[in-house]
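Two complexes follow with chain A in common, the first pairing it with chain B and the second with chain C.
After this line comes the complex of A and B, so read on.
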């Protein structure tokens, strides 16, 4: 059994409620931090832990926290990113739903460390029932003196507010999230300035993922050094992985970052293998935006070593032979899955979710989607494959925020590793048309809605 | 003695310039001037917070600074990236930049109709210039284009959303210049559009400035639309005592003979408004007597407008004669002698149907 730090008490009946959480050692880390440690000491523990942000980019959390500007008389804010809209990623949802106090305790410790007196949880609109769970937990924590004024007599004040998003993927991007929180259109800001200097209401702000903030609790419980002994190399600790696709046991797993991808897919403790004895074709290990890897590159790195569930191992060799751990949305595809259809599905998503601020993403995502739709429906040309490659190349790296990259990478990787499947669609239009994957009736909304007037 | 301000040395396309800290790469390039100035479709120096969106001004930073000489990993938007001391930037000398820009032009033209012959912005359109300078001669896009129904947004301004490239300039203008925010961007992604709040009309005494900032023909002046092509008009500097304290009263009148066809703010060589004008000056003062004429306006942009430019006109030397060592060119057909159409005595309406070569052969 892998060691667990976040879900270690998840099985306890009623852990969602304050009394049970507290009776099982809950708020112990907060007590330790607030009563016996200075903010600098907490920061030091987080740095020692080697914790990397769990929202996707994997930036070291301790370093991110140390960047926060501290001008006199200006409030600082902590924002918890609970927008979780990356297709394939659904780990934060379980954490908030089943152990909400773990997040609240994490927010308390983190706010204390950063010197924030207000903290916001920005939660995805579609998680309609979770804000109520969080509000209830916040009220209970407050009743028991863990929030509000003069927390546990330490002189530290903190309020946590829950803000529901309207359901836009782009609002998970930290600066778009801040805009949305300010009541504006969720358009990413142009950086610099970074949120650490000018964030929410132009004040220094840290935006962290739910899992990142919750992880601060076990780090303080066992100490940064001990935490760093979990996992391996530059990937310390444990990570929540939401596994889905063609596996026997979809779900959210807490893994210690020292297991191999093969073990994760095939062992009974985790995904339990692929249904009906089918073969593994490919996997998107970090949420829909990360490059897809074919089976031969997925289980072994370019050097022939076993591929591990770590930041370094998954990205080994760059995008030519590797991918990213991303947010941990692990999507497995068996031999029956169509890569073109899969790529089209994601392309539709990114096209729909582009905020429309910058030209390459606004125009390019729709173009890629339409070309893919043609290929998938047996109306593609050979030159369309090169065209797709060229479009993604002109989007990647040229946009304001990484949504443009997120739209480009899956297309690039699919063509790089599965070009023959694209060619098959072009060469066998009739067979391609016959395979009804439920998309046959999907028409481009633009085709339907285009009004006559020019 | 006041302490001397340290200036930052920057090299753009191998040309050095010293600029104040905080200057953007684009503005540093503008200080040098000429071809190395990156194009800008969304940045507008007079509008706070503008820029960064269209991605036409992308450049390559091949050296970050003297302190940290590493190149920047990606192309950056020069309008929003400030210079560092010792920075080296490649604009037109970088094939990567030109390639990326060609891509941006192609993206912008996917959903921007190339109806320049009928568009009222022809001759003043930045996208037209941009695609001429950086685009490809054809598009690879073969799908239906995004179109919009026409929306009435008031009696003075025409919004033609189909032509909009979502540069946000008009939004910033409305936000920063007028008393109330009346319009903005609705919808997202490709479906994003400029719209007014529940189809209100734009009627604010400064809202006319959105017409001047629009880089394409999406926002046009209803009092001028289709009355003339800009290159047939003479731009003339003029001013009046305007009672609105926010209005500078200094304008360009676009005239033909004594008729004032259009009033706009004066623009600098980057096509940016120098000082804002109010709607009264723009829409209601269309008589010569309303204005004190200062003199002809210098048209700086290399635009088609300069074709009709009449300041300092001098007849070019008859180069053909020069090349032919003084011999006159031999005319194969002198239309002036052959065609009666050119004779003032001929009544054109008497010629049957559209003019045909046979008509000229009758002699």
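After this line comes the complex of A and C, so read on.
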């Protein structure tokens, strides 16, 4: 069994409630931080832990925190990003539903470190039942002196509020989230200024993912140095992976970042293999925006080394032969799945979710969706494949926020690795509407088909 | 118009933000209004919310039209919001959508003649491990099969009677 730091007590009945959480050592890390450490010392532990943002970008948390501006007399805010909307990702939901106090404790320690007296949890609107769970946890924490004024007699004050979104993927982008929290459309802001300087209501603000903030609790419990001994290299600690698609045991798993992708997919401790004796065709290991990889490149890097469940190993080879750990939304496709159709659903997703500010994204995502729909419906032309490649290239890097890149990458990777399948759709339109390409040519390692130069 | 109780709730929401930042309450208050006034936001409702928060009506329209959870036209008493994004598609959401269409004799975006059911397709709701799924009111219905869909429809019909 892999070691656990977040879910180590998840199996305890009633861990959702304050009394059980507290009786099992809960709020011990907060007590330690508030009563015996300065904010600088806590920050130091977080830096030593090597914790990287768990929302998808993987930016070092300690460094992000050290950027927060501290002008005299201006409030600072901590915002917890619970807008979890990246297709394939449902880990934060689990954490909030089943161990809400772990998040509350993490928010308390983090707010103390950053010097924030108000904290907002921005949760996606569709998770409509979770705010009740969080608000109950907040009320219980407050009743027991962990929130409100003069927490545990330390003189530190903190209020936590839960704010529901209303259905917009883009609000997971931190500046769009801030706009939404201010009661506006979720249009990302141009950076700089960064939120650390000018964020919520123009005040210094830190926005962190749910899992990132919850992870501060075990870091304080065991110490930053000890935490850094978990995992491998720059992928320290554990990571929540939400696994879905064609696997026997979909669900949320806490993994130590030292296991191979193959073990994660096939071992009974995790995904438990692929149902109905089917073979693995492809996988999107970090949420829908990261590049899809065919099985051969997923399980082994281009150098022939086993691919590990770490930030570094998953991105080994860059986008030519690698992908990203991203948010940990692990989507598995078996041999019966159609890459064109899968890519189409993601293109449709990004088109639906584009905020419309930047024309490359607003127009490009819809254009990609229409071209993919034609190919999927057997009305595509060979030139459409190059057209798709051309469109995605013109979106990537040309937008205010990363949604443009997120929309471009899945299309690029699908063409890069499965060009023959796109061509088959174009050449055999009759068949393509009836059945999938399957693994016809799949026994051989797929060539990394470089698209024609445009 | 909100009841006294709901008006107090609005005040409580506004108190979460610093003085003068009551516009931040807009999305939570629109959720309240949609629940309270028949599951959708008419322009009268939106103007009312604007007056409550002392902001311009256009500021409310901008937001209501941006977020997909706000309905700008009337919907059925029960709205089936079926996810159709990749991970759900891999687990057969297309079949579920087709099944509901046939069963209720409506297309996506339509409401049944008795005003009971609306079918919507939506993008990823963060339940990919429990696919296929849909949102029904405040909750998720997961691991959908045609039999489960039948049971849900029956459940709604009996609640409505």
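Simple rule for what comes next: the second predicted complex is superposed on the first by the 434 of 454 C-alpha atoms of A that agree within 3 Å, B and C clash if a C-alpha of one lies under 4 Å from a C-alpha of the other, contacts with A are read in each partner's own complex, and residues count from 1 in each chain.
Note that a contact is a pair of C-beta atoms (placed from the backbone, for glycine too) under 8 Å apart; a residue touches a chain by one contact, two chains touch by 3 or more.
Source: prediction; values computed, not measured.
Engineer: Please work out whether A:301 is in contact with chain B alone, chain C alone, both, or neither, and reply first, second, both or neither.
Structural biologist: neither
Engineer: In the overlay, answer first, second, both or neither for which of chain B and chain C A:366 touches.
Structural biologist: First partner only, chain B.
Engineer: Touching A:377, do we find chain B (first), chain C (second), both, or neither?
Structural biologist: neither
Engineer: First (chain B), second (chain C), both or neither: which does A:315 touch?
Structural biologist: In the superposition, A:315 contacts neither chain B nor chain C.
Engineer: On the A-aligned overlay, A:185 touches which partner chain: chain B = first, chain C = second, or both, or neither?
Structural biologist: A:185: touches chain B and chain C.
Engineer: With the two complexes superposed on chain A, say which partner A:399 touches: chain B (first), chain C (second), both, or neither.
Structural biologist: Only chain B is touched by A:399; chain C is not.
Engineer: Does chain B (first) or chain C (second) touch A:167, or do both, or does neither?
Structural biologist: The answer is second: A:167 touches chain C but not chain B.
Engineer: With the two complexes superposed on chain A, say which partner A:353 touches: chain B (first), chain C (second), both, or neither.
Structural biologist: The answer is both, since A:353 touches chain B and chain C.
Engineer: Considering only touches as defined above, state whether A:29 meets chain B (first), chain C (second), both or neither.
Structural biologist: Touch partners of A:29: none, neither chain B nor chain C.
Engineer: Per the overlay, which chain contacts more chain A residues, chain B or chain C?
Structural biologist: Partner touching more chain A residues in the overlay: C.
Engineer: Would you please give the residues of chain A that touch chain B in one complex and also touch chain C in the other complex?
Structural biologist: 168, 185, 352-353, 355
Engineer: If we count contacts the way the header does, which residues on chain C are in touch with chain A in the complex?
Structural biologist: 16, 18, 21, 23-28, 30-31, 53, 55, 59, 62-63, 66-70, 84-87, 89-91, 122-131, 135, 137-139
Engineer: For chain A, which residues are in contact with chain B within the complex?
Structural biologist: It comes out as residues 168, 170, 185, 190, 351-360, 362-367, 370, 387, 394, 397-400, 444, 446-447, 450-451, 453-454.
Engineer: Could you list, by residue number, the parts of chain A that touch chain C in their complex?
Structural biologist: My answer: residues 75, 84-90, 93, 120, 124-129, 161, 163-169, 180-186, 201, 242-246, 250-252, 284, 288, 329, 331, 333, 337, 341-342, 345-346, 348-349, 352-353, 355.
Engineer: Going by the contact rule at the top, pick out the chain B residues touching chain A in the complex.
Structural biologist: Touching chain A from chain B are residues 51-56, 58, 74-75, 77, 80, 100, 103-104, 106-108, 110-111, 113, 140-141, 143-144, 146-150, 162, 165-166, 168, 184-185, 187-192.
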